[in-house]
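After this come two complexes, each holding chain A, first together with chain B and then together with chain C.
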Partner chain A sequence: MNIALFFQQIANGLAIGSVYAIFALGYTLIFSILGIINFAHGAVFTLGAYFTYTFMGLAFGFNGLLAQQKLPFGLPFPIALVLGGLAAGAIGVLIERAFFRPLRMRGGDSLLTLVSSLGIAVAIVNIIQYLVGAEAYAYPMSALGGLPPSVNFGTPESPLIVRTVQIVIFAVSMIILAGLTYLINATRTGKALRAVAEDATTASLLGINTDRLIMFTFFLSGFVGGIAGTLVGLSVTVTGPYFGIAFGLKGLAVIVLGGLGSIPGAVIGGLVIGLAEALVPSQSSALKEAVAFAILFVILLVRPQGIMGRVQVQKV
Partner chain B sequence: MLEIQHLTVNYGGIQALQDISVTVQSGEIVTLIGANGAGKSTTLRSISRIVSPRLGQIIYEGENLLKKRPDEVVKMGIAHVPEGRRVLARLTVEDNLLLGAYTRNDGAIQKDLHHQFERFPRLAERRKQQAGTLSGGEQQMLAMARALMSRPRLLLLDEPSLGLAPIIVKSIFQIIRDLNSNSGVTILLVEQNAQLALNTATRGYVLEAGTVKITGSSADLLGDDRVKQAYLG
Partner chain C sequence: MIEFLTNFLSTYGFLIVSMTFSAMLALSLYLPLMTGQLSLASPGFYALGGYIAAWMSTELYPPLATGTTFPIPSLFVEMLIAAVACAILALLVGVPALRLRGIYLALATIAFVEVLRVLSLNLDVTGKAIGIFNIPQPFVTKIEYLYISLPMLIVCIIFMYRLERSRVGRAFRALREDELAATAMGINPTYYKVLAFMMGAILAGMVGAVSAHFLNTWNARQGTFDLSILVLAYVIIGGSRTFWGSIVGGMLLTALPEVLRAVAGIQGLPPFLTGFLTEGRLIIYGFLIALGTLFFPQGLITPEFLRRFARPPKASTPTKSKPLQTPST
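Showing the complex of A and B:
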């Protein structure tokens, strides 16, 4: 393998791995508060990508209720990205209020919740198809404004070329990661979140409105999911209503690998899987999708609680 | 200050409290004593709104507490130190204390933090340590200091002596008396150690199987034959 190719693959791995990381954090946040896995997260990822597309003022295709429709205005990509994330966050809150919360109030068990969240994922896929059809959507080349398509980190004689998109994806993911880390570790709200995660009853005895924090957690989860969806859409295309389903499964591999409920675990897990996939030789690229699960299997044999996981304590 | 009227609480099919009435006047230390399972903790949890009673009323300073959320109860000036302390083990001592002031947004939080560290010097030494690494007595002090950070007028204490060495129990009860007499905090104290509780409180209620069996001043209860026989050994 030559050095230029290797360099590119590492860059690819870091870019996709960083998106895995922020996406997986969406699962982790909800898991650490409620002890459940929100299978609708992959669908929220998909919605984020479509929301951004919509906010950019781009027209939909020939199928679905919104065929050929578009907003009367178009926003630049960075603003559309943030709005797409916010809208996905709002969907997260809606899912919590409409599904998770009523089930929780009735004391529904976690299997019931899990199956419901799968149902939500399927419903979202169907709604997207109904509204805008099953075709793929791509953000236009102009999304990155005046940036050149690639950057050479080497010399003209021995180039080390990285696609600008990969740099943007990595940078945005790192900003999100830094923001979340700050929020959780250094703010009052973050401390309250950690208190609810550790012991919700005690948190409410301290005057923390746990219901509101749970909503906020779903918002954050939806937000990072939506941003991740847009970033992957930017890198490849938005492949249709099922866009986030395979990604959702990959995200599950990431959190189990990193250790359920662990924030550093989600980050390390994401980067490990992203890099490993990128280093699969191109002649065996058909195996790429299997790599994440192979790594997962091997690590779990050695460390059943995942890389950063605590030995599981029963949630009360 | 606090008036619990005809309170009945069920956990599924189990009846934990049946038609109990308890009052606490401003400035008092009132104790609830009784054996394990009598319903003492359930009474405190009803006040804090983390269990929902089936029947009855809880009036605090003229307001119906049963219409409030747990966080609103804290804002109204009631703090609850739960049974088993329940410190947030993975957070530092200091973060536990700051979370105690979660409902406040005045400028005096740092001053109060400092004040709690003066009251509990052991906590000051360990302020950056994870709360889970503290000893039982230190955790009890942390749970109390954390509750005080909300500046309560009514403090609910659930078995503060549980599992602690006598010397630590003594200092904790000294602090309880001091909070009441010098800081003017009204206290509702739940204890299994009846002797200790009645020596600290002005009045008491004896709970048995979810009902109030006997009530009276501490002196009366200490002299009561039934109390002597069942609880004072």
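Showing the complex of A and C:
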């Protein structure tokens, strides 16, 4: 592998890794508060990509209930991206209100919540298919405005070309990460979130409105999931209603690698898996899909608490 | 009457046999769950068993003369080899993996299934993305597979019924209720957990071997995460505290899409409803799973429910067991 190709792969790895990181943060936020894994997160990721597509005023394909429909207006990509994220966040809140909260109120254990979230994921994927069909959707080339399709960081003699999309993805992910870090570490809401994560009962006794915070967490989780969906859709295409399911599974590998419930862990895990996938030699690129899961399996056997996780002692 | 029955069997033969397979797959997930271990590995072993049968029947055995069916004893040999291979793989994976608990074990087994799936997509022996097709048929019609699957299911039911009342079954239950207490009573947790895991793997592998013939083709779409979800839903919706729950859940949820299709066929429904019932069956399915966990948290079949049909309890009847709990590691 020559050096330019190597750096291109690193750039790819960082771009996809940073999306893994923000996507996995969606799992981590909910896990740290409720101790559950929300399998519907992958479906919310898909929804985010479709919402952005809708807000850009683009027409749907020939299948489904909304065939050939489009909004009467089209928004520029950056605004559609944010709106898509907000809409995905709203869906996250809806899922929490309609399914997870009633389960919690009845004292259902975490396994039931897991099954419930799987059911929701199946429903969402098929609602998408019912509404807009199973075909792939691509954002138009003009989504990034007047930016050139790639940037050469090398010299004309030894080019080092990085796709603009990768730079945009990395930049947006970093902005989201910085925003979330600020929110969690430096605001009152963040302090309350951390308190609820530490001990929900004590936090509510101290006057923190846990119910509202849980809703807020689901909103944040859906928001970052939706943004991640749009970013991945921008880089490849939105490959259909099942777009987010494989990605959702990889997100699980990311959070376990980093340590369940750890926010820096999710970031490190995302970057490690993104880079590891990018560095798979192109001859065996078909095995790329297995890299994340192989890492996950080995990590679970060697260090189940992950890179940044805390060891939990089982009490009698 | 006879005519109706033959019509019914030829229309729904595929479905009826699929229902027995689902019930057994649900049991293969229920077995490790008896010891409190949430393992989603069944589809991996199911896929492996299927590949073994598909490879043996298409590559190893001599090709069939036209007009003859695949010999049943050869099918049994395939099932046996699938069972042995799955048992060995389960032992290799199970000993390290079963140190994990709760959600960690579930994730490790998801990873296991995914790695197997990607491998089968890339190996020559599994036919890469195309898979193995034209698997010879031991029967002429699909419903005749009941000759294999129904006895298998009945053997499983008898086995499970005896298991729940045996020393091993009680050890499983003790581990599920409280692993530390069980260990203190002299139950070796690793031994019994791996045993349950292997039993589930063997069952899944044998079902896979028959399924490969039944479906005629076998590829990487057979053992996926989707199937893990589905089988988990069978067990949880059916009821995870008795093996009857897995069987009922597997059969009901497999039949459900067909039932919805039949409902959509009723004359006089408004067109939008018919359209939704045919196109949106999986939407309803997903919501039913989500609502099922809400309204039947114990599942449809609970031990209390079964006790109504049982003979008057003897003095030594075990007391009601705790609902399913996963340790929150």
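Keep this in mind: the second predicted complex is superposed on the first by the 312 of 316 C-alpha atoms of A that agree within 3 Å, B and C clash if a C-alpha of one lies under 4 Å from a C-alpha of the other, contacts with A are read in each partner's own complex, and residues count from 1 in each chain.
Everything below uses one rule, namely that a contact is a pair of C-beta atoms (placed from the backbone, for glycine too) under 8 Å apart; a residue touches a chain by one contact, two chains touch by 3 or more.
The shown structure was predicted, so the numbers you read here are calculated from the model rather than taken from an experiment.
A.B. asks: After the superposition on A, what does A:141 contact: first (chain B), second (chain C), both or neither?
C.D. replies: After superposition on chain A, A:141 lies in contact with neither partner.
A.B. asks: Chain B or chain C: which reaches more residues on chain A?
C.D. replies: C
A.B. asks: Given the touch rule stated above, what does A:202 touch, chain B (first), chain C (second), both, or neither?
C.D. replies: Once the two structures are laid over each other on A, A:202 reaches chain B alone.
A.B. asks: Who does A:192 touch here: chain B (first), chain C (second), both, or neither?
C.D. replies: first
A.B. asks: Where does A:35 make contact in the superposed view: on chain B (first), on chain C (second), on both, or on neither?
C.D. replies: Second partner only.
A.B. asks: Thinking of the overlay built on chain A, is A:103 touched by chain B (first), by chain C (second), by both, or by neither?
C.D. replies: So A:103 only meets chain C here.
A.B. asks: I'd like to check the shared interface: which positions of chain A are touched by both chain B and chain C across the two complexes?
C.D. replies: Of chain A, no residue contacts chain B in one complex and chain C in the other.
A.B. asks: Going by the contact rule at the top, pick out the chain C residues touching chain A in the complex.
C.D. replies: Checking each residue of chain C against chain A gives 38, 96-97, 99-104, 106-108, 110-112, 114-115, 118-119, 121-122, 180, 225-226, 229, 232-233, 236-237, 276, 279-280, 282-283, 285-294, 297, 323-329.
A.B. asks: What residues on chain A touch chain B, complex-wise?
C.D. replies: Counting only chain A, the residues touching chain B are 188, 191-192, 194-195, 198-199, 201-209, 211.
A.B. asks: Which residues, counting only chain A, touch chain C once they are in their complex?
C.D. replies: Listed in rising order, the residues are 35, 37, 39, 99, 102-103, 106, 108-127, 130, 245, 249, 252-253, 256, 260, 286-287, 289-290, 293-294, 296-297, 300-301, 304, 312, 314, 316.
A.B. asks: Considering the complex alone, what residue numbers of chain B touch chain A?
C.D. replies: Counting only chain B, the residues touching chain A are 48, 50, 69-71, 74-75, 79-80, 82, 86, 88-91, 95, 98-100, 102-103, 146, 150.
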